[in-house]
Each structure stands twice: as structure tokens, then as C-alpha cells.
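Chain IDs A, B, C and D follow the sequence of writing; residue 1 opens each chain.
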Amino acid sequence: MAKKEKDIDYKTYLQLPTLLGAQKPISAAHDEMLFVIVHQTYELWFKQVLFEVARVQKLFARKRVADSDLRIISEALARVDAILKHLVRQVDLLETMTPLDFLDFRHVFRSASGFQSMQFRALEISLGLREEDRVSYDGKAYTSYLSKEDQKTIGRLEKGDSLFEQVDKWLARTPFVSMGKFDFWRAYGRAVTAMLKGDRKAAAADKTLTQAARQMTFVRIDNVQKQFDALFDGSAHKKSLWRLSNKAVKAALFIMLYLDQSVLQAPFKILGALMDIDETMTLWRYRHAQMVQRMLGMKMGSGGSSGHDYLVATTEKNRVFKDFFALSTFMIPRSALPQLPAEVKKKMGFRYGSDGE
Amino acid sequence: MAKKEKDIDYKTYLQLPTLLGAQKPISAAHDEMLFVIVHQTYELWFKQVLFEVARVQKLFARKRVADSDLRIISEALARVDAILKHLVRQVDLLETMTPLDFLDFRHVFRSASGFQSMQFRALEISLGLREEDRVSYDGKAYTSYLSKEDQKTIGRLEKGDSLFEQVDKWLARTPFVSMGKFDFWRAYGRAVTAMLKGDRKAAAADKTLTQAARQMTFVRIDNVQKQFDALFDGSAHKKSLWRLSNKAVKAALFIMLYLDQSVLQAPFKILGALMDIDETMTLWRYRHAQMVQRMLGMKMGSGGSSGHDYLVATTEKNRVFKDFFALSTFMIPRSALPQLPAEVKKKMGFRYGSDGE
Amino acid sequence: MAKKEKDIDYKTYLQLPTLLGAQKPISAAHDEMLFVIVHQTYELWFKQVLFEVARVQKLFARKRVADSDLRIISEALARVDAILKHLVRQVDLLETMTPLDFLDFRHVFRSASGFQSMQFRALEISLGLREEDRVSYDGKAYTSYLSKEDQKTIGRLEKGDSLFEQVDKWLARTPFVSMGKFDFWRAYGRAVTAMLKGDRKAAAADKTLTQAARQMTFVRIDNVQKQFDALFDGSAHKKSLWRLSNKAVKAALFIMLYLDQSVLQAPFKILGALMDIDETMTLWRYRHAQMVQRMLGMKMGSGGSSGHDYLVATTEKNRVFKDFFALSTFMIPRSALPQLPAEVKKKMGFRYGSDGE
Amino acid sequence: MAKKEKDIDYKTYLQLPTLLGAQKPISAAHDEMLFVIVHQTYELWFKQVLFEVARVQKLFARKRVADSDLRIISEALARVDAILKHLVRQVDLLETMTPLDFLDFRHVFRSASGFQSMQFRALEISLGLREEDRVSYDGKAYTSYLSKEDQKTIGRLEKGDSLFEQVDKWLARTPFVSMGKFDFWRAYGRAVTAMLKGDRKAAAADKTLTQAARQMTFVRIDNVQKQFDALFDGSAHKKSLWRLSNKAVKAALFIMLYLDQSVLQAPFKILGALMDIDETMTLWRYRHAQMVQRMLGMKMGSGGSSGHDYLVATTEKNRVFKDFFALSTFMIPRSALPQLPAEVKKKMGFRYGSDGE
């Protein structure tokens, strides 16, 4: 009814009677309310994060991502990161509770556990965390702690393309990596070889180095050469050292090296936002592990492994966008970088004609 | 049923189906969800803040505040401040929305407004904000924007003792301000007079000062003397320059000056936490005003006064614990402070006998 | 000497002996060290901020700002804002000091004051704060508190183009606002008129409104119309309600309304960063004012006006990029916005041909 | 000279010409300045942190820590934590630099490395980090990367009592753990046994449990019993599972369990602050490791181990106050806690007579 819509007030709009009636602490311990509200606000924010990720996934699902949508994508991802950073800080609020106060109501949980947050699992899966990226808990998959129904939901979620996979495909389609006579990969290979040759020569000529130091420098340069070789000859991909496809690796490296070209500015923002999210998710796991240790000491675990140890292990293993960090290994300084041909540069500029003219 | 209690899981414990079903954006604009969730998490945290304030008020409502409760009080207030600081930072999340995106759904609010947050009003009133401390909006009391029912609730809230009033009474009861032969107020008056006399003498003797600079120094010292006179002779209280009672002012000053005495450490923490809360509430108003200006420019207001101007005005006026800040005016350096007699010091120590022995 | 360069270590590189030998507290009070280091880190960060602003100003000083430099500009401004936000939070560290501890060394300052921070003044002036934008202190210009030499430096700084002026000129040059047959200003005027007409009609037809409410709605719409009229007929500019030139206002509004067009994404980022900086500078002033009040109460001032009151007054007055906030007043919802002609859209896309095809 | 002291201005007081002249970037890369200033502000804050820790250590070095000094100690430690948290956030500022921009000047460092920050080493050692607590880097002690002179300084620092050792001794002296007829340890042992017996009984009677679940519960209870046994019979100490002395463990547990007793409120604050510092140092290491990975990928290391892996390993190993976290393992709920006898309670109260009367 029209009338009703017009009369909407703050309380109704925000569903406050429902929202503020949904706190059901079980014990009489004062701090259980804090525990409930901390976790409820987490879940509300997870909903928002999933809402943003879904928007991004919808745009990436198109055959072609419109240039005018790139801002929306990078801003949505930036918002996701801002929210996650907010949630990391929120751990401080839970730590205003003493371990003794926590014990006053800890018994109410029984088998209930943050493990069972379906939204958090959905987030991990949407971003692209795979079963094999996970640390197992007491030798069992995390899904074994879930209800049948939730296991089904997980199964369904895992079927769709994750954000990681979408980004992989989007990167693989980048047109500039090879354009006319310009082949980035070949040019880059030559530049790397020249740079390392120069490094070797400089080390050989450097009289301030001791024999041992010179030798170490050579070893270091050889190692770098081997890493690059494995990248260039595709053997690193054959050995599955990368999760990104070979084409996506090239494109991502290209974007990170020529980030100031007009057409690459937005993609660079997007890659940066994905790395931010990866870092913040990881930080969230870490702060969570610290907090659990503070509250429970070595209590939670059994058979030697504590809850804390498990949680710390997840911080480094349960990561999705690691490959983008690994790319830094393969960057070379601007001074050694191949120049882009003028025609390539021009193609990467705006139509109204500002750059390269 | 016992069985059911045992089987509680994460989802049920946190009432997630209810909680995550309570977002009802009206428009199809993507960012309305953010708007809803930002405000819902605000309201959840307000509930927690009110819960903590209620705990503190209950402890202060006793005829005698137990020493062993002082830690609980100061930690509860510190938690309130930590939550409010978190909410200030949360404004950043709302600002990830562009003004244009806000316009896509702004029309849905009609008369709905944050003005109508009853929990926020309850917080202000519980802390001790009075009708006369408020900036009026368009010449009208804020209650005129509320429903009849909400006006009644406000009326009820205003009847009880606020935290400010409770703290005032608690301070007024502090036993140490006058103990045996020791009268803090008299001793302090003498110390102030001696200090200012010294300052005048030093200025008169200081040959590096120009005549004008010396004159200004004298004027400044006279002003300080006058402020102190008004405090000591009670005329400042007669003119209602203070909201705190005369006795409470004395006790608060005593606590702030002898903060290291064992028995004063906890009360000092409490006063500090109240000042923190006052500062953070004010900062929250300020960030809120900035955000409104960013989203709406000069739109909201009518008749010349914008929403932004109104909100900025509230930051300095709508304050509860201002008096504690004013006390800094009346502090004198430790070197000029009257020494506490040994017997007073001893009485302020622990029974097991560690200090002063 | 080559040898020496090679042997550089952490300590030498960072000039640690110099840096860590430059703290010269005058009193024996413990907390004076904190005071010194808080202010020294402020000044180091101001140096960095000025370094970034200088980079941006150099790029804006060119006859034509290259598209490939826009990322550098917006990232430099974002970094400035990130640093300033860090400095706002740093106020918390100073507040770990009690007012009593501050009194232990406050006397060492004499006439020394943060007022004399030349780097902060240089920052204000580089951004574009003019003498007339400033609140005067005790009726005198802030420069009257500076040494002759510093006054000269200020004079020199004020001669150059500020960032505000550079941005104004850059905006005024934006090519898309009027392109071929498309005249944004005219199209926008028509859209606004149509929208307000629709609003009036809706209000007249809305039977749920009381007569008084309907009347108020009409008044509000009329006010909006007048604001727009003054903008469109240029009278707002004649009355100097804007600091931005008329052309720059148009361009900025255009950018804020069509922010997703590829060519406008970077400019929009830049405008956003300028607003962020303005907000954060203002927040910094506000937190500073709060901190001074906490430490000094009403001490600092003379003649009735306290230091706190002065500082609070500066937060709203001493602002540079206010106009960009005011622009929100003149935005209309996307649904009412004029569609960009296909040819204009195409011109705003990339050369390689992704949008509009 | 008196004259000179009077004329001190802001610039001279803060030694700004020296301070702002101490940035000596070697390359022409724009972002090297940021790198320098980030690290210089780190070092300035480390100086402040060491200054606070030295104050605390001086107070702890006394034969008897005065009750009136406990506030100073806990506030100094809280300030240390606040500064460290600020430094953790500061990592974000360094991350405004792209890896490519870092490569533009990375070559200038040669052997220079944050490894060589003597202040950071001094902080670790003052807090109580021992050689054996450290992860070795490439199989070598970190000191092997230092100059002879710095190695000597480290040697000297390691001789003194660390904060950890001082706190251990201070805790071991706590008088209340055994007082008259009250022996906390014995009473606590009885309470634990009773609690676990109750838990076993409840599990046996709980018909909602499957046989397997019941069995797991028994195993869990047995494990808890074993942990307590090892604590009570001293075998955990014989096996060096604790770094704290047996007496200190008892006292710390006592403080954490009876935290609201007036005399324990300040000690509890101190233990909490030490845990905060431990957590934040660890978080700092973690953020640092993330940042290095982002900038360098897998570059830094050699022989398979990357810089990132080393840094992550330090976060969990290089910890000083772990034992305080482990104590949470041995807490039991308030409801199962032995009641303190009235006379003990009274002794822990204030002399002026407020509690227990």
C-alpha cells in the first residue's frame, strides 16, 4: 500500500525490532552479549562482502568486461578490503573481554563453532579457495564439521566459477601482451637476459668484493636465472608451481610493469585490490588465531595440536591470490624494461587523442 | 528441552536466519544494502554500549561503590569508548559510496532519519545530556521529530539519574579530600597563591622581557588568579559555570593531582574513561557531519541552515563531561603541589602494608 | 668514493646517529621525550607530504597533463591522505600523557608553539589556503607570530600557483563538457527543470501529505530551484559564492556525474582524493583542538577566547576544497541525468576499441 | 645562557634543521624518500619505546616495587603497546609504494638491511628475547650479520636482567598466594579435581551423546587432567615447558583469577599490557613479512628459503611472554573457583576500609 511506504520511519526501515530482538545469550554472564554482538556484526558484514563479490562476479561473467565497468569492479573490491580491515580491528573489541569472563559462558557453545559460519565459507569459495588449499583440522576436512544441508550448499558453491578463475580468464584475454610485431614475452626474455649478464659482469669487476662474496653473488644470479628459465620455458607451469594460467601470468606481469599506460591503470587497480584482500584475509586469520590463544591458551585442541596452531597454519596456506605476490619475483627495474613501441602505446591510449601525439 | 540446548549450532546461537533476513532495501540501487548494513551494525553496537552503560549505572546506583567493582566500571567504560572509536572509523565505510550512488536511493527515506534512532537518544540521555545542552534544529526540539510513543520513552529515560549525576554524587562522597587535619582545598589555595606570586616576581625580574611582554604576562597571571578566585569562593558555581557540584569538582581535581596514590588509581582511570567517551562521541558527531556534507552538500537544510552546519554545531554543544576537561585549567605543576601528610598517604594505601612503611 | 658507497649499512643510510641524537628535552620530566618525538615524527611526515604535493604540482604545472600521469597524481594524493590519517591517529599517542605530566615541562616552551611549524604552513599554502580563508588569532594574522625570515618564506610561497589554482585550470580545460553538438550545461539545465517540475507535480498529487507538509515541500523545491538558477545564470559566481571558476565547476560536476566513462575514471579519483585530503586536514585540526582542551582546559587563551575555541573555529573555516563538497548540492539522480550521445561516449573511450562498439 | 633559553622557538626546540636535513636518498627514484622517512620514524618511535621500557625496568629493579608506581608501570607499558600498534598501521604507508617503484632504488641497499636495526634488537633483548628463542637465518645467528661493534653492544645488553626476568621475580614475591592458613595452590588443586570429576560424571550421564562422543569427551578431560597434573607436581617445570618460575606461574594465575581484588587490579593491568605487547610485536613481524612478500615475491632468499618464510617463522617463535597466554589453559570458571577467606580478602583491600566491612 502506497500509504505505508510513505510513512516509513528509521525503525521500520532498518527492521530494528527484529534486529535488536535477535540477541539470545544463553548464560547469565555479562560478556556473552558482547560475544553475540561481535559475531552478529561479523555476519552482517560478511553479507555485505558477499553482496559486493557477487556484483563483481556478475560483471566478470560477461563475455567481455566493459571498460566502463572496471571502476565499479575495483571500487567494489576496495570496499571489500575496507570492510575486512574493519573486521580485523574488531578483534580488539573481543579482546576487551578477559579469559576468565569468557570461561563464564564458554560452556554454552558445545559443538557450536565459528567453523560453521557458512557465509565465511561462501566467501572463501567465491574468492577461489579450493579444498586442496586448506589445512585440514585433526586430519579431517572442515566440511565434516558441517550439517548435511550445509555440506550440500558448499558443494553447490564449489561448482561455479570462482573470482580467481574469472580473473584468470579475463587476464588471459588481455589484448596488449602481443600486438602486431610486439611480443612482450620475447622482448621481456631478452631484457632479463641482458640485465643478468650485466649483473654478472659488474660482480666480476667489483674489486671491493671478497672472493666469497663474489661467489655468493654469482650463485644468487644463477638462482634468479633458473627461476626465470622455468617461467619462460613453461616448466614452472608444467610442475604446477602456478595456479594462474601461463597466459594470465604474462598479462598480469605486463600490467604490473606498464601500469601507467592509460588502458592498464584500471586493471592494475584491480590486481592491487585482489592482493589487498588476500593480505587482509590472511591478517584476519592471524589476529583470530592470536585471540583464540589469548582466550583459551592450549585448551581447544586435542592430540597435541592446539586450536591456535591450526589457525596459524591456515594463515599462510589458505590463500587464494598468492600468485600475484609471486610475480614480484619476476619484475625488473624500469631502467632494464623493454620500451613499448609508439604504435602499441598509442593503441593503449584514449580515442580523443591525448597521449603519444 | 534439554536435547535441543545441546544441539545448538553457530547459526541458531546467533539467530542468523532472522538476522540475515532483516535487510530490506526498498530501491534497486546496489549501494542501499551498504547503507542498511552500516546502520544496522551501528544499532547493534549501540545496544552493546547501552548494555555496558546500564551495568555501570547499576554499580553506581548502590549506596556505596565497592572498591572491587571499580575495575569493572573502568573496563566497561573503556569498552564503550573502544566500541565508539570503532564506530567512528566505520564512517569511512559509508564514504566508499559516491554521492551519485547515494542519490539513487535517497528518495526512499522520506521522513526517516538518523534523528529517530532511539538507542542513540537513550545513550545521550543515560550519559547525562540534557535538553538544554542540545542545539535545536530549525528552532525545534529534536523530540518534535519523534513519534508520540518515542517521546514518551524519552520522557521516561530523562527521569532516572544519568551517569553524570551518579558520578557527581560518587565524587562528592570521596573521603580523602578532607581528612583529619588535612584540608585539600585550603592547602591547594595556598599553593596556588604562592605559585602565582612566584610567577609575578619572576616576570618582574626577567630582564629579557620587553615592557609590553611583561605587561601581558601580568595580565595573564591576573586572569588565572581570577579564575581560581571564582573557583575558590564558589562564585563560579553560583553563576552555574560548572555542572558538577562544588564537592565533586574538588574531589575530581584531587584525584587528577594525586593520581598515583593507590586508592586513587582506579578513580583516575574512571575519570579518564569518561573524558575519552566524551571526546569520541564528539568526534563521531564531527565525522558524521563531514560525511553528510560530502553526500549532500548543502541540500538537506532549509531556510539557510544546512544539515552540515547543524551537525557541526552539536559537536561542541552536545557534550556531557566538559567539566572534566575544564579541570585542566586548575591544575598546577607537581613541583608547586602541596605534599600529602604521611598519615593521609598511609590511609590511601593498602592494608597489607606496602606504601609509606 | 666507490668503496664507501658499497659499505653503506642501515645506520649510515638512515643517518641514525644524527637522527637519534636530535632529541633535546629541556626539563627532567619523563614525558617531554614523548612530546619531542611526537612532534619530530609529525615534521618528518610533513616533509614527505610536501614532497608528494611538489611532485603533483610539477605534473599539473605542464601545459598539458598527460593521461599516463593521472595515476601518479591520484596515487600521490592518496598517499598524502593516508599519511595525514596516520597523523590524526597519532594524536592518540600524545593523549597517553596526563595533563599533570604535561604541566611538568610545559614551562619550557615559552613562546615556542606549533603555530611556528613552517612545514605545516607551507602545506596549507601549497594546497591553496589563502590569508582570507584563515581564522585570525586574537585579531592578528598568524604571520605576526613568525620570525621575519619565516614571514619572507611565507611571502615567497604565496606567490606561486597553489594546487587549488592548478586544479581549477586543469578542470577548466576538460574537453568533454562541450563537444560537437553536445552542450552539457544546457542539457543539464533542462534535466534539472524537468526533475523539479516532476517533484512539484508529485507533491501536489500526493494525498498522504498534510497541507502544511505539501507547502514545506514546495518551499524546499523552490529553494533548490533558486540554488540551481544562481548556478546556471552565473550570479553565484558573480557573488563569489564559488572559489572555483565557472568552467571548473561545470567540468567537476560533469566528472562527478559521468564518473564511469573510461576517460573520467582517473579525474574522478583525483577529485575524490582532494576531498579526502580536505576532510582529513579538517579532522586533524579537530583532534588537535580536542587534545589541547584536554591538556590545558581553558588555560591557553586570554581575553575570553581559549586556544580550544580558536582551534575549533579553524576546522570549518580554514578549508581549501570546500567547493567540491558543495557540488553534491547540484547532483541529480542517474535516472534524471541526460544521456550522453553515442559519439561523445565513444570519444571518451579507449582507442583499441572496447566501449560503445 | 639564560637569554638563549628564553628565545627558544619551535624549530630550535625540535632541532628541525638537523632532523629535516638527515634524509639522504641515494637514487633519483621518487619513492626512496618515503622509504627513508618510514624507517626514520620507525627508529624515532623505537627510541621512545626503549625510553619507556627503561623507565619500567628501573622501577622493577628496586627491591620492592611501590604500589604507587604500579600505575606508572602499566601506563608506560600501555603506551609502548599503543606506539607499536601505530607502527603496525604504518606498514600500510609503505605499501602505497608499488613493487616496481621499489625496484627503482632497491639496488642502493647492498648489504644494508633492517636486520641491522640495533634499537629493534635492543628492544627484543630488553623485553627478554633470548638467543634460543630466535629463528636462525640461513643457519646463522642474526648477530653474524652485525658489525663487531654492534655485536659487543648486543653482548652487553644481554647481560642485564630483562623485563621478563624482572617480572618473573616480582611475581614470585607476591605475598597473597599463600597467606596464613590459606594456600592457593592446594585449594586450587582441589577445585580442579572436583570440577573435572563433575565433568566426567555429566558426560557419563548425558544420554544425548553417542558412545563415540562420550569417549572423546573422556579423552579430552583426561588430557586436561594430565596438563594440570604436570603443572601441580612440578614436572612441567622440570621439563622446561615453562619459562616462568613455578612461583611466578602460581602468582600470575592467582592474579588472573582474582583480578577484581583491589590489590590485584594494578598487577592484572600489567600482565595484560605485557600480553598486548607480545601480541603486537608478533603482529608487527607478521605485517612486515607480508609487506616483504608483496615487494619482493620470492626474491630475497637463497637456497630455497625465502625472506618471507623466514619472517613468518619468527612471528610464532620469537616471542617473550608466551607463558602468560598458556595460563589461560589452566583457568577454571568462576563458579568452580575456591572462595577467598574473608581475612585474606580484607588484607587485599584498602586501609581506609571500604571492602569486606
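Heads up, the rule we're going with is that a contact is a pair of C-beta atoms (placed from the backbone, for glycine too) under 8 Å apart; a residue touches a chain by one contact, two chains touch by 3 or more.
For clarity, every value in this text was computed on a predicted model and none was experimentally measured.
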Inset, instruction - Could you see whether A-B or B-C has the larger number of C-beta contact pairs? - result: A-B
Inset, instruction - Would you mind checking which chain's C-alpha centre is most distant from the centre of chain C? - result: D
Inset, instruction - Starting from the mean Cα coordinates of chain B and chain D, work out the distance between those two points in Å. - result: 32
Inset, instruction - Indicate the whole-number Å distance between the mean C-alpha point of chain A and the mean C-alpha point of chain B. - result: 40
Legend entry - Inter-chain centre distance, chain B versus chain C - centres from mean C-alpha coordinates, in Å: 29
Legend entry - Per-residue multi-chain contacts in chain D, two or more chains: 6-7, 259
Legend entry - For the chain D and chain A complex, residues of the former touching the latter: 98-100, 103-104, 106-107, 216, 219-220, 223-224, 227, 256-257, 259, 275, 279, 282-283, 286-287, 290, 293-299, 302, 312, 315-316, 325-335
Legend entry - Residue numbers on chain D that touch chain B, as the complex places them: 2-3, 6-7, 64, 66-72, 175-176, 206, 208, 259-263, 265-266, 268, 346-352, 354-355
Inset, instruction - Sort out for me which residues of chain A touch chain B in the complex. - result: 5-16, 18-20, 22-24, 26, 30, 33-34, 36-37, 39-41, 43-45, 47-48, 51, 55, 75, 78-79, 82-83, 86, 89-90, 92-93, 96, 108-119, 147
